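Have a look at these structures, which come just after this line.
Look for chain A in each of the two complexes below; its partner is chain B in the first and chain C in the second.
Here is the complex of A and B:
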């Protein structure tokens, strides 16, 4: 960001911040989930399902998934940009990555809201 | 100009078989590998998550699939990937706020990341998979 001529382009600061913010959300969620599993020891179907059917858990689990998909989009896009130089192929890979991640988001919503 | 020609003559070593990556470098490439591996396995993980929650029958399927030795090994690998990515990711967040940037701490925290992520993988692997 420093010493750049402003040409209206994005230099990726927003994505950089989003990747960090989503990382923090996922890290906090992982600890909460681990604590919940550790405390409740849900080893029957009913107990396991009950854990995620709880309104608060459902909400933060969904938040985790959305963070995950946004985080993965930025990360995987960075990987494509590092190794795939031909613009056409790169564009196709970017579009495919977005498609699968949007699909996963719909899938995750469906899993959680059927509970 | 003089500077340019000197620069050109500097020796380069890009022979991957002789380059020894320092520990923070290994940590870094494994952070990328683990992130990519987790991404590639998302369909499997979502499917397992769905099966475990949908119906008692799908839960039974989930248990049977997760009990297969090959699946267990794959899941153990993904568990390590998550633990490594998690610990290395947190280390990066500290580096981002300029904590632990000097060489000595960078090496020390790399060692901690490897130790903690492997320990977590073993503990969680035993608790959840076996």
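Here is the complex of A and C:
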């Protein structure tokens, strides 16, 4: 087979914006979390549980995790695209990365809504 | 050591002649410079007299043709614009990184120019040509400053890791600077097609803004800024 270079998938802008937007969400969440921990000073398991059992905290924590996983997806995919040349291996790595990140998202939800 | 006297300069030069050498090697060589020798290129010309097997490209010797780009003490520069007396010795010369070496300091620029041509580096305007010229206001012309000056020496693209890893797919800083030069040109009518052509995870979005290109550009241009402007235009078009 003639190994022709194919390029021109016409996507990328959405991911580029998403990477920046998710970074902002994570930064804002970090400030909120530090403020909340600073204000409440939880020093027992119950206090920590109470902090995350709050509806708003639960929502923004989950938003943080979703942002983290989406951000990680774009970043890790960039690494595979930069360094892994064989298309088949790259595709497998992409799929594995998605599975792992979706799994983490489900796990994060399970932990948060167990509180 | 004053620049105005005769002095000896030590070099360590990457040598490779595929017809003779099994592998590239570094050659230690020194050369005596005359009072008039100011730039690294002057020293290379002296070296060539001493050892005429040394191969490098040069042409205008004043930073306009972009032929004598090379890796000098680890940084891509033009030999003709580099003061030889300001360089720590031994001066280590290597070919531009990431491109196939043809011989010594000469690299095969095919891939680089392929990417440059892929962005259609010419004005696209389907209106009949006016009698004299297509006019721009001074403000519109101002937009092209910092873009049109590129001499295609390849210092930037060959210092970019994204270009090293994907030279066949990533346009590279030089190509993207040229792309924005035509996107920013009010006389050009193909803005949408140009943005379509670049909206791609490889062609444009391999740039991770590490700014090696800005660091090395011998003309002081800023490809990272141009790439940012392309992304900004894509965002403006999309949202």
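Here is the rule we use: the second predicted complex is superposed on the first by the 105 of 115 C-alpha atoms of A that agree within 3 Å, B and C clash if a C-alpha of one lies under 4 Å from a C-alpha of the other, contacts with A are read in each partner's own complex, and residues count from 1 in each chain.
Here is the rule we go by: contacts are C-beta pairs under 8 Å (C-beta built on N, C-alpha and C of every residue); 3 or more make two chains touch, one makes a residue touch a chain.
Source: prediction; values computed, not measured.
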| item | value |
| --- | --- |
| Contacts of A:83 with chain B and chain C, given as first, second, both or neither | second |
| First, second, both or neither for A:13, with chain B first and chain C second | second |
| Partner chain in contact with A:45 - chain B first, chain C second, else both or neither | first |
| Partner chain(s) touched by A:104 [first = chain B, second = chain C, both, neither] | first |
| More chain A residues in contact [chain B versus chain C] | B |
| Overlap of the chain B and chain C footprints on chain A, listed as residue numbers | none |
| Touch list for chain C against partner chain A, complex | 161-162, 165-166, 168-169, 196-197, 199-206, 208, 231, 234-235, 238 |
| Chain A partner contacts - residues on chain B that touch it in the complex | 32, 35-36, 38-39, 42-43, 46, 49-50, 52-54, 56, 59, 86, 89-90, 93, 96 |
| In the complex with chain C, residue positions of chain A that touch it | 5, 7-17, 78, 81-83 |
| Chain B-touching residues of chain A, taken from the complex the two chains share | 20, 23-24, 27, 30, 45, 48-49, 52, 72, 75-76, 79, 100, 104, 107-108, 111, 114-115 |
